[in-house]
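What follows is chain A paired twice: with chain B in the first complex and chain C in the second.
Take a look at the complex of A and B:
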């Protein structure tokens, strides 16, 4: 029920259309890139998906991240704006339910934008490269991996948004986190585990072992963020 | 009410907003990687740039590319939300004050916030350059005049961008769209500075200015240089149009 409620709350905020637009914007990036300077990418001895991801994923991941951060801020802004959250906390449900139903909605949105982007990548490999049967498998694997690695950032930004009452504070912290992620050196494994740096990873680029450890790390981060959220809510309730 | 006192009121409104902490945190984070990876600066023979210049430029590039524009988007959110959260804007609009003045006062506050962030970044530069000089046994501190000139140039080049962000936040009432558009417009500036028509895209101005300076400092690297003639008239035009529309639209949604 509360997932449906979350969808209703977001109905007139432009949340869903913003994600749709963002998804299309990110999907246009590889198409534009190929249309303008396709000659740079021919003759590279890699699979089409690998070439396309290498050329465009940084920018697409950046757009996704910014979208997720702004979306998370908006989700909690609607609660805080007219003190609706006080009414929620008087209901006979756990306060963390609210967080998890928001997480669910966020995941659905992430899946949506990633499907749009996957379609963009698939279109590029169909139009500019030779299409082979394993392209589909590769695209699905890449974007499944991208979804999993996006989760810590999504949950993290929701955690930040749920803790800060003012939208600009949560947006500011989110933006600073995204900026930090762009500064971190990519060679270092430990530093790339920063939740906001994970979405920049590319599946086809990484060795299988590393990819598995990234996925395990992402799962652990999700767990950790979930636990910290419930602790934050408990502590805040104590002092309110 | 005079413009100065209006500005004073606007500044008072954001006094307890903690925005300066966020802006300061961003500048601290900006310089931390440069401090840890300072030895890279000593190995830049391929580009033909001196270590101290490279240290300055790499930091400023990070600032002008993403951090400064994104912080300014956050600041526009702040300026708007403080008014809208408890319908404060309705009270402001009922005062016998011209809305144009109100809008411009808020824009000037945005400029002040931007100026403060650039100032903090420059301050952090001197601190981190001093630290790096100690750790690397090489003098990284440049003359203050050079640094302040570059920082001032970044700020001046950012004014059209600020006007554009202000236009977005005034005209688009749905917060997610004004924030989303603002943040999304930053990302393509990397592509725009490599094109011939970079001067039509206000978000790329500061980044272009720093890249041009990079090309000037690095002898083996050639980047496009700033040409004032098509740029300045277009930049001034964009600023004026953005400010004009935002002053015209300011408070219209509330007055309906």
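Take a look at the complex of A and C:
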């Protein structure tokens, strides 16, 4: 099961266009914010990227999470809707490969939306602040960090979607997780480890040691979710 | 030589046993009819062969390969059609088969060949969700036949087909061992259906294998047991009825 096959399966589902539109929507957030109330941010003694991320990232991260949850549901809905997953299960491939191929596609989609959003932030820096050479490096670091912290939520959404045959159940669980995450204070390290709360963290605002801790935690969560998926597949076969 | 052999294969769920210690012997290069009323355990047995469900006890060997150690190797040799047709509704018939082709690593021509075999070529570009039930059934069959696997497992493949379609598919299944040198395990709850296709049959009821052998052997067996033999349908019903009475009126 390859990445190309997963792309093919998503044909005519609106999956890629949903991510594109979502990415552009999130990228417009800082632009609109600066267009209507730029005076609020000019006096702040921080780097442009830090100002823009502090002002907009919470909204952008929530849009990203909702996209990830909806995308994961859509991916598994195509498998379950007409029972295609049953046919795939009878083919000579490991079932876990189906999950990891979907993870690959999801990561590519996340990279795509983060690039669009990074372009939005870079545009704001250029248009409303000074565009120094450091801005690009800061944007790349911030969005690379955002991608890493988004992985547990992406894998978690896929795990939920793979377990629930009914798309509305997985969508409901995902949305509840996203809104629960918005209620958690981002200053609390332990509470921020909730996979759906991690993407709200901002690199430029976090001290280096904490940022490293968050990245290690994200890696461990990815590993834990991957193992959980393997266990789910084995358990499911026992009860089928 | 038997290409599929089971040894006391059992599948139990909480409260009931779907398949109870069956020992099947399916000869290579034949059509083996798996008969039984609804809920007899035919689909569960087939699902175990495909690794979709884990046996509670017992074992099986397919083409000399043991499950579960060689699950992927076993699946490489099997083309299957289980329960209802399974497909991606957002893709066309051709695209659906192309996904299977790519997973199996077959040449591109395999798709058109499979479509041709089941008579779906004129509708290959139509979305699968817009297919009629019969067309979906044919797509499922094409998915099983693609790449000419040496073993075919078909669970009630003629369900939902019109009489012409049933005849076409029956003729196709009958011809497969000669055409592609394969072994076919086909299930049905209709003896009339199976007797036109199968060389050997296995009759299953409440998870128990009541009979295994050729149709002639079934007839001979029925005569000794005092069951009607004028019509094979009646023989089958008598075998099932006698087993049900023995189990205390279970149906």
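Simple rule for what comes next: the second predicted complex is superposed on the first by the 239 of 240 C-alpha atoms of A that agree within 3 Å, B and C clash if a C-alpha of one lies under 4 Å from a C-alpha of the other, contacts with A are read in each partner's own complex, and residues count from 1 in each chain.
Simple rule for what comes next: a residue touches a chain if its C-beta (ideal position, glycine included) is under 8 Å from a C-beta of that chain, and two chains touch if they have at least 3 such contacts.
All figures in this text were calculated on a predicted structure; none of them were measured in a lab.
Novice: For the three-chain model obtained by superposing on chain A, do chain B and chain C clash or fit?
Specialist: fit
Novice: So, A:13: does it touch chain B (first), chain C (second), both, or neither?
Specialist: both
Novice: Quick one: the Cα-centre angle at chain A between chain B and chain C, nearest 10 degrees, please.
Specialist: 90
Novice: Thinking of the overlay built on chain A, is A:93 touched by chain B (first), by chain C (second), by both, or by neither?
Specialist: second
Novice: For A:240, select first, second, both or neither according to whether it touches chain B, chain C, the two together, or no partner.
Specialist: So A:240 only meets chain C here.
Novice: Pick one for A:81: touches chain B only (first), chain C only (second), both, or neither.
Specialist: A:81 contacts both chain B and chain C.
Novice: State whether chain B or chain C is in contact with more residues of chain A in the superposed arrangement.
Specialist: Larger number of chain A residues touched: B.
Novice: Going by the contact rule set out at the top, does A:5 touch chain B (first), chain C (second), both, or neither?
Specialist: It touches chain C, and chain B stays clear.
Novice: Please work out whether A:182 is in contact with chain B alone, chain C alone, both, or neither, and reply first, second, both or neither.
Specialist: In the superposition, A:182 touches chain B alone.
Novice: If you've got the overlay open, could you tell me the nearest Cα approach between chain B and chain C in whole angstrom?
Specialist: Superposed on chain A, the two chains' closest C-alpha atoms are separated by 10 Å.
Novice: On chain A, what residues does chain B touch that chain C touches as well?
Specialist: 13, 81
Novice: So in the complex, the part of chain C that touches chain A is made up of which residues?
Specialist: The contact residues of chain C facing chain A are 47, 50-54, 72-73, 75-76, 78, 80, 82-91, 95-96, 98-100, 102-104, 127-129, 140, 143.
Novice: Please output the residues of chain A touching chain B within their complex, sorted ascending.
Specialist: Residues in contact with chain B: 13-15, 18, 21-22, 25, 59, 62-63, 66-67, 70-71, 73-74, 77, 81, 166-169, 171-173, 175-176, 178-180, 182-185.
Novice: For chain A, which residues count as touching chain C in their complex?
Specialist: Per the touch definition, chain A meets chain C at residues 1-2, 4-5, 8-9, 11-13, 78, 81-94, 237-238, 240.
Novice: Residues of chain B touching chain A in their complex?
Specialist: 17-19, 22-23, 25-26, 29-30, 32-33, 37, 62, 66-67, 70-71, 73-75, 77-78, 81, 85, 174-177, 179-180, 183-184, 187, 190
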